[in-house]
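Alright, structures below, take your time with them.
Two complexes are shown next, each including subunit A; its partner changes from subunit B in the first to subunit C in the second.
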Partner chain A sequence: MSKASAESKADVDPGVLARARARVLGGASQAVTEPTPPGVVAASDGERVWLLSAWPDGATPALLEEYDTAPMPLDRSGQARRVLAAALRCCWTRLDDAPWPGEAAPVQAVLEVYGGMSRGDAELARRWATGELRRLSDTGWLLLDEAAGVVRPGPRVALWPDDSLGPLRDLLRRLPEPPQGVIAGE
Partner chain B sequence: MSHPSDPTSDTTPTLDDALVGEAVLGVYRQMFAALARDGGAVVDDPELVDVAETLLAAFADAGEEGLSREQMRYVCRRYPTEVFENRLRVLRGLGAVREVFPKPNQLRYRASFTSVVGLMFVRRMMLDGGQSEMHRLLALEQLNVADPRMTPAQARDGAAGLARAFRLWSVELLTLTNGTIEELREQAPKLWGTEEILQRAERLHGAILRRWPQLDRACTDLRTAIYAYGDASRRAAARLSDSAGTTRNLTLLPPETWRTFARTASRDDLAAVLEGFVFDAPAPWHEPSAVVQAVEDGPRATPPRPAPPRPSVPDPGLSDDTGGDATATERLRAVAEQALRGRDRIAVEDLLTQDWPTARRVLADLSSAHLHPELPYRLTWSDGLAVRPDGSPTWLSPGTFERTDVKHVAAPRKAGADE
Partner chain C sequence: MSEAFEPLLRSYDERRRSELVAAYMAVEHAAEPVPEARFAGLREPASRRTVEAMLNLSGRTLIRADRTSWTSGYRDEVAAELARDPACVPPAGDRAVLALVLIHSVAIPRAAGRLPDDTWLSPHPTPLEELRRRSQLPIGELESALRRLRLAGLVTQVRADGRTDGADAGGFVPGPQFHRLTPAARRRLQEELILAAGPDSPLAATIRARRRSRERAEQEAAARRETSAERAGVEQGDVSTQDVREEGL
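Let's turn to the complex of A and B:
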């Protein structure tokens, strides 16, 4: 939480303002043609560009763990990450590439993959996963288009350093395939 | 109604008790200031009023016969004698308690109705302050104005009295507004619900003006007094809420006020509390390794793999080969035989002719052979100590290493046959 200087917008450095907006809005998008202020990571998919706050020296918030500092509290983090893995299994089809921008995949396929990963009531698992998809979409990890029923990786996956992706690639190769019938049915 | 100092309890009065008592006395003084002959004439202890109330209640129960002096003393037995005598003298002197018949040596007394009503008024004023009395007065005036027997002179007097009361009230509020915030906070209950009083007063004002248009001068006075009061109370409330807002000290306003604010305020008003603050968007971080970990820790669709099957052949159990021990014994035997070289005994110092690391190893092996329960060798030491400044071990106890089965000539060969 930081004190904002709301007054005299003209005096504020546009870069500072853009960084503040990126923090407050959690990754706002703008057209590619807009200028990108310095000090932010710009994740572009060709049409839009998402401005994400950058950390110094290529560090990620995972560094907090090394300093025994509690990260941002997250309810049911395990479930959220499993849903993220299921979504990446469907959207990140060329695993040798970077996960961003990935490809759009139907939400039904993601729910099927997640249902195959979990145990118990399948209907309940789908409902949990739908909620997690929305939360992941709110925090910029996925881009969920509920009207079209498709999901694709969010801009924040572009912040993953490439050398930390090895175990995730191995995991996604092991995960079950999305059922072809669902994709064909779309 | 609580009287602050109970004479029957022996607890020492605290400062809070003193404050409560002082507040009660303040109300008494204010109410009877107009009647008092001098400043010391009003009671200086709230307890004295309780005496009077007890007495009057007893008179009400006693009926038309009244009470004798002894009965009065009995009713007031909780209070000290001098307090009781003092109160009785004052009440008799002012006529609140009178003889049943105005004769000398009258023993029975009765109480005055007016005093009881006056005391009720006092108690009510103390309970809810002058504000509710103002409500009552306004309601009464409203009834009076509607009364067909009311004359314009009476209406003018009533309006003038109300105007005076409102002026004094607003002056008091202004004084509070300019005083300390703590005092304002204490007296704040006087401010609540003023809207209703204002509406009531304006209705009354309208009624008087409609019925007697010739009273417009008195009504103008009343109207300005009402508006002055409204301004003063709004300013006091504004000061209170301003200081509460800037200090963020939530105790400056009563909890009911905060609750009302939370229920009735618009979204913009509520949001204004944190205006000027920027909150980061929720941004949990999912590290790729954390994603992998979560998937691996998650519940599995398929049960975990069963344990590998047991072999079908029967288990032979533990092996007989304990290993190692026999070779160690053989090595010790070889070392011992090499040291003895066929002899039965040999002095230890003859064995330690080489450098100390070698000698140390030989000595350790000979000691092991001596201690081994199955090997027929013995190491004995004598008590002497030879100092050899230029020798390899610079000091030495003479000792012998010998075999214990000297009778068996072919001991080495026998040992070899044991193999």
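Let's turn to the complex of A and C:
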């Protein structure tokens, strides 16, 4: 590293840099034993901890709706929401608890539930849903392990305020039940 | 971090406080720059200073998009620091695809006078076929790169508009994140594009010369600081005071 860059490095406060890093990585994880930088939300599952940006006064980006302001667009957002709901139906099994950290569920089970929610070509629906699981995993809403064929809730789910979960619980109770006997990895 | 915001927000009454929080969330999370007419927290310089201080806590800054609308982005020194961290830099394939989109959707139309000078948004899509041919990435990798770039708001997919003259066959344009560049970041990106597209051009030579002299000046300044710090250490046994004084020069 040149002297000039060493100089500029000293200019950025380490706490500021840690929070900027958490934002740019959007929910990166580290071992629980590593120190958590101050001023970020730490969502832990006991083994690892995911670092997320914190917002003032309990606000969430949903606040934009009140101001008629569009959030970052999401392609096929309806489908993404339905696949997220299908995944939560399988991973958030004790609905009275918080959705995070939830449990790992077989991807096959999620695809089954999603298939039961949608009309039309079942094979096509599964293919769409598989792509959607990847996008939801890229954005931290789910944690997808394609090799093991399992999916879990993502750390961003931990940011949902508890008092906003009621309607979501009601919705999930109305979704088709996950199939019994589908084993992870099969 | 809610506690981190507290010292900045404490002195405001409830209404002002919620206006500031709304303005902060809007510039951080809206897809496009937000009009100050809609967000009281952005209307006056004093409240903008508070929003700026809130953003500064995580290395962000307010960016004026046009006369009356605002967004946020990384401060230049923070962006430079993040760019040195391999974990924070997108994979080479993603960057290559993004560079191709910038060349086709911005640099070429700009050179032809079809796009104004200081914008990184463009109505001219780069066709998927062009990306496939020029990137030399296998189609699976190209599609994953485009998926990540779209999710990050770095590119936007434009659907074909159905016209038969082929004027708009659909493709990809730079995404809404390009609103979030600071003036210095826009200038740097412009320079990088010139260096990439015409490395032997006189303009590229000028850019390289300017960068060399800036680097030299920074190194000299750093060396001066070091020397005076050493001298101060010997003379007064107090490095930091002298350092601070030098910084102020």
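As a convention for this text, the second predicted complex is superposed on the first by the 172 of 186 C-alpha atoms of A that agree within 3 Å, B and C clash if a C-alpha of one lies under 4 Å from a C-alpha of the other, contacts with A are read in each partner's own complex, and residues count from 1 in each chain.
Note that contacts are C-beta pairs under 8 Å (C-beta built on N, C-alpha and C of every residue); 3 or more make two chains touch, one makes a residue touch a chain.
Note that the coordinates shown come from a computational prediction; the quantities given were computed from them, not determined experimentally.
Aligning the two structures on subunit A places subunit B and subunit C in a clash. In the superposition on chain A, contact is made by A:R134 with subunit C only, not with subunit B. Once chain A of one complex is fitted onto chain A of the other, the partner contacts of A:A80 are limited to subunit B, with no touch recorded for subunit C. By the touch criterion defined above, A:P71 lies against subunit B and subunit C together after alignment on the C-alpha atoms of chain A.
Once the two complexes are laid over each other on the shared chain, residue contacts for A:V12 go to subunit C alone; subunit B is not touched. Contacts of A:A20 after superposition on the shared chain: both subunit B and subunit C are touched.
Within the superposed three-chain model, A:P35 lies out of touch with both subunit B and subunit C [touch as defined at top].
Contacts of A:S164 after superposition: subunit B is touched, whereas subunit C is not reached. Once chain A of one complex is fitted onto chain A of the other, the partner contacts of A:R119 are limited to subunit B, with no touch recorded for subunit C.
Applying the stated contact rule after C-alpha superposition, one finds that A:W55 touches subunit C and leaves subunit B untouched.
Overlay on chain A, subunit B versus subunit C, candidates 236-244, 308-316, 326-334 or 398-406: the clashing stretch is 236-244. In the three-chain superposition model, subunit A touches both subunit B and subunit C at residues 2-4, 6, 20, 23-25, 60-61, 71-72, 138-139.
Across the complex, subunit A is touched by residues 1-5, 9, 17-18, 21-22, 24-26, 29-32, 34, 38-39, 54, 56-60, 74, 77-78, 80-82, 84-85, 87-88, 147-148, 150-151, 153, 156-157, 176, 215, 218-219, 221-223, 225 of subunit C. Those residues of subunit A lying in contact with subunit B across their complex are 1-4, 6, 20, 23-27, 60-62, 71-72, 74, 77-82, 84-85, 88, 116-120, 138-141, 156, 160, 164-165, 167-168, 170-171, 175.
Touching subunit A in their complex are the following residues of subunit B: 276-301. Residues 2-9, 11-12, 16-17, 19-25, 28, 38-41, 53-61, 63-64, 66-73, 75, 134-135, 138-139 of subunit A are the ones touching subunit C in the complex.
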